[in-house]
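The data blocks that follow each hold one structure.
Each of the next two complexes has chain A plus one more chain, namely chain B in the first and chain C in the second.
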Partner chain A sequence: MKPADVLVIGAGPAGLAAATAASRNGCRVAMLDDNPAAGGQIWRADITRPHDEDPARAAAIADFHTSGAALLPGRRIVDVPSPSTLLAEAGGHFETYRWDRLILATGARERFLPFPGWTLPGVFGAGGLQALVKGGYPVAGKRIVVAGTGPLLLAVAAHLREYGASIVTVVEQASTLQMLPFAASLLRSPGKLLQGAGYRRTLGATPYQTGCWPISGQGDETLRSVTLTNGRRTWTVECDLLACGFHLVPNTELAQLLGCTLQGSFVQVDSQQQTSVAGIYCAGEPTGIAGVDAAQVQGEIAGLAAADCSPPPTRLLARRAKEAAFGRRLTHAFRLRPEVLKLASQETIVCRCEDVTFSQLQTRSNWTDAKLHTRCGMGPCQGRICGSATEALFGWQLTSVRAPLFPIPVSAFCDESSSLNAPSAR
Partner chain B sequence: MPDQQIVIHVNGSPISVPAGSMLSAALLMASAPCRISTTGEPRTALCGMGICLECRAIVNGVPHTRTCQTVCQEGMRVETQS
Partner chain C sequence: MPDFDLVIVGAGIVGCACALEAARAGLRVVIVERGVVGGGTTAAGMGHVVVMDDSPAQLALTAYSRSLWRTMAPELPGGVEYESRGTLWIAADDEEMAEVFSKQTTYAQAGIASQVLDPRELAEAEPYLRSGLAGALLVPDDGVLYPPVAAEYFLCEARRLGVVFLSDHEVVRCGKGRIQFANGTSIESERILLASGASIDLLPSLPIQKRKGHLLITDRYPGVVSHQLVELGYLKSAHKLTADSVAFNIQPRLTGQLLIGSSRQYGDESREINHAILRSMLERAIEYMPCLKGLSGIRVWTGHRAATADKLPLIGPTADPTLFLAMGFEGLGITNAPGAAVLAIDALLGRASIIDAAPYLPSRIQQEAVHA
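What follows is the complex of A and B.
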């Protein structure tokens, strides 16, 4: 029997672990990612510190390479032309990939909530600014407010501080009381506690204001100040940049296009990380937001399952359960307060692609109605940003996912070298 | 910092950036918007990870290029997209 061809989508911690496990157990494995390098979000390559490798990242990438799996970066999956093929767009041309087993490790993105001023240059996502800094954007000497919710805020603030930024304040919308059980539970996860302590040390005397959130950003051409509140009083701080994100939302669009069942917002998986569709597995953030350790253990279980090494070892199952519990505490601790869902004013742009304002959307009855009448969600982000926003503002549920998953450059249709029937991954 | 610098052209003006920089970062260094929105607002990168498409610009003549997933190359020409 020929070895199974396993295709892994997403080269973050989950994808790397999955590809390594499947390849070590006899499969032919190819892993695709839309970024120029492997690592996903947490292990995004830092161009300014090429020699300063995170040991966990270095180990995962070395294991991946020695396993014999192939990395195919710079490729974005845009469509599912038939049940066992995927269409990728790579630098303006198409490629088709066949698979026997498919592992989806597409990660998560930040949740953005609109507030007056959020479209000004100088306002970024929290992880977004971190990614830009890793891509070479210098922030030394810049005054930065970090705001929103989630453990990412402290990680980002510490990172920006290391690059010489002056962190004006870190504002976390969750109250101390709400976060207390989570903080206490960290005592059971010494690794995570140490990481948190490291961030605090880097941040020194930088304020961490819980129960506070941004209500507007001011500036003409670019951001000059941010107004914050704790619900009782408001105050304005001057700054050069605002890094603002409200925790994470899973990237489930590809899974949905493949017909995988969702459970709430997440991809439903069984004990072997298999989705509702036979032969398709899912690991990491699309199955629940629980951090890097959860992503790695789920990835390994998925990789083993795709290689028919079942049942999964009990030590992996125990680790997965522990990390899932961590994820549930995380979600609970950083749940959104109602006030942050309603920050937009009448003139605030909600759909950034098509510049649709809150007042234009207010009179619409649902997502489809809004799309038809205002073009909200019809732009190139295809509702990935405004969808979470309108869900928060109006409670609208997004309707079904359609191909292409991302806009395709016209050149891809004209390129004769596009291999619409390329054989398997390798 | 990587030692090597390369030159790219942002809206016609040359700027020197560290080799390996993302184009979105280079546009921020040049204080140039990536695109002008439908109502005329300047926009720069938001998510940094290929999702929001606020960072799209015209790169070597190709519009709608996500600059946050494009590495700068010597002599590259990038223009704000409107």
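What follows is the complex of A and C.
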């Protein structure tokens, strides 16, 4: 019998674990990612420090390579031309991929919430700025405010500081009280605690203010200051950059285009990580924001299931349950306070592609209504940024995903693209 | 529920235009919609306001409707994005050029301004078209608009005149003076006007077929296309009632985005993109305008037109004396909405219309087909 061709989308922790497990169990595996190297967002390679390797990342990538699976980097999935093919863009040309089993490990992105001044040059996503710095963007000597919510804030601040930035402050909207159960859960997971302690050490005397959030950014051409509040008092700090993100939202667009059922905002999976579509599995953040450890164990379960090694070993199921519980505590600890959903003024732009303001959206009844009548989410980003904001602000469920997932040249729909199967790496 | 003189089913552009027309005539109106305003057939189209001469009746209704659009153009809110750029009917060869001249004659007889462009003038008007085209007919008063906002504008005007709007109200039965909703409630009314676009679930016997279309919208490229471009071959392909077809058709939006169409398919009621059709549609477009190849496409979607056998809408009374129709506009629902609204409300009130309403009467097609 011919070995099953397994295609893995996304080379972060979940994708690497899935590809490794499937390949070790006899499948021909190819893993696609839109970045030039494996690692995903959390393990993004740092071009300025190629030897400064995260040991967990190094181990996962080494295991992946030993398994014989193939990495096809620099490829972005743009369309689903038929139920069993994907169209990928690779440096301006297009390739079609077929699969027997598909594993979606598409990760998460930051959530942005609109406030006056959030569109000024100098305002970045927290993770976005970190990715830029890893790509060579200089921050030495820059005064940076890190704001928003989630465990990412401290990691970003520590990282920026290593690159010579001066961290003015880190403001976390969650209160200390709200984060307590999360801190307790770190005590139960020493590995995660060490990581956290590492952040604190690197940050040194940098103030970490909980129960605080940004309410506006000021500046004419570019950001000059940020006004912060703790709900009782507001104050303004001068800065050059604001790195601001409100935790993570899952990347579920490809899953939706493939017809996979969502449960709330997340891809619905069964005990083997299989989605509602037979033969399509999903692992990591798209199934629930729970971090790198959850992603790895889910990836391994998905990889084993795709290779027909069922049922999954009990130790994996136990680890998955434990990490899911961690994810629930994480979500609870960093849940958004109502105040941060009310920061936008009437004139604040919510959809940057189509310049749609908060006041235009206020009168709409749902996402479809907003799209049709204001064109919110109809621009090139297809609602990736404003969609998660309006979901948080108005409770709108994002209804439809349309091809292409990313803008592509008109000719890409026409080209007789080279059709290839997951290549054999052995 | 208060008493109403008229219940309109469907708040697409046709239903909303009818609501406004009825309110102006002094009727107490309620308009019901299962989704959002202009979210069905209205949302799927290109928004081309165009005079078409497929038949004398089609010419009469499109010309009348376009004149109504032109009259109200100054009052339309900015969001409607109404622009009168003019249609260019492009002739690829001498045979199509002969059609250009005959079309010009027809238009002239109907008092529709048009101008024949030779190949050089066509190249000046649209420099990105391929060379070697035979010429074109420019119909300068045709326009383009953004349909969902136009529908909402009609609805807002109607509501100012007292029309009641019920959104998220799905009708499960209508006829015999009664509208029944999915939630179990109902409305009694002596007049019901069905304007549900391509959705004929309420009257499955209606002689309307769904004709699927694909569209692609690009990123912003202001200045690449100045007119609304349609190949004359469009007429040939649009007329085929059975086979799948594609034709070159581009509408520039105010933002500089280009809407690229068009395709026509019968017997496919799904919303899925048919990649083979999409491909031939875009290849056709690139054939006429090679630079399209490199433009960034940001979204593809599909929709269904409500097609009748003679390509004319169904406007007016049915065998059920309480039930009236404003349906079956195929690709001309946006163009014809204002004219159809006048005809529909005239029929409802027993008034004479400014144009002959007979060609659009539902009774022209087998009577039994339109029994409620």
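Operating definition for what follows: the second predicted complex is superposed on the first by the 409 of 426 C-alpha atoms of A that agree within 3 Å, B and C clash if a C-alpha of one lies under 4 Å from a C-alpha of the other, contacts with A are read in each partner's own complex, and residues count from 1 in each chain.
To be clear about the criterion, a contact is a pair of C-beta atoms (placed from the backbone, for glycine too) under 8 Å apart; a residue touches a chain by one contact, two chains touch by 3 or more.
Source: prediction; values computed, not measured.
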| item | value |
| --- | --- |
| Partner chain(s) touched by A:T331 [first = chain B, second = chain C, both, neither] | neither |
| Partner chain in contact with A:P380 - chain B first, chain C second, else both or neither | both |
| First, second, both or neither for A:G92, with chain B first and chain C second | first |
| Contacts of A:P407 with chain B and chain C, given as first, second, both or neither | both |
| Larger contact residue set on chain A - chain B or chain C | B |
| Partner chain in contact with A:R352 - chain B first, chain C second, else both or neither | first |
| Chain B versus chain C as contact partner of A:S166, first or second or both or neither | neither |
| Partner chain(s) touched by A:Q256 [first = chain B, second = chain C, both, neither] | neither |
| Partner chain in contact with A:T227 - chain B first, chain C second, else both or neither | neither |
| Chain A positions touched by chain B in one structure and by chain C in the second | 379-380, 407, 409, 411 |
| Of chain B, residues touching chain A in the complex | 1-2, 17-18, 20-22, 24-26, 28-29, 33, 37-39, 41-54, 56, 62, 64-65, 68-69, 71 |
| Interfacial residue positions of chain C with respect to chain A in the complex | 35-39, 43, 79, 148-149, 152, 167, 216, 218-219, 260, 273, 275, 278-279, 282-283, 285-286, 292-301 |
| Contact set on chain A toward chain C in their complex | 81-82, 365-366, 368-369, 372-373, 378-380, 382, 402-404, 407-414 |
| Chain B-facing residues of chain A, complex | 34-36, 41, 47-48, 50, 74, 76, 92, 109-110, 112, 119, 121-125, 127-133, 135-138, 221, 251, 349, 352-355, 379-381, 384-385, 407, 409, 411 |
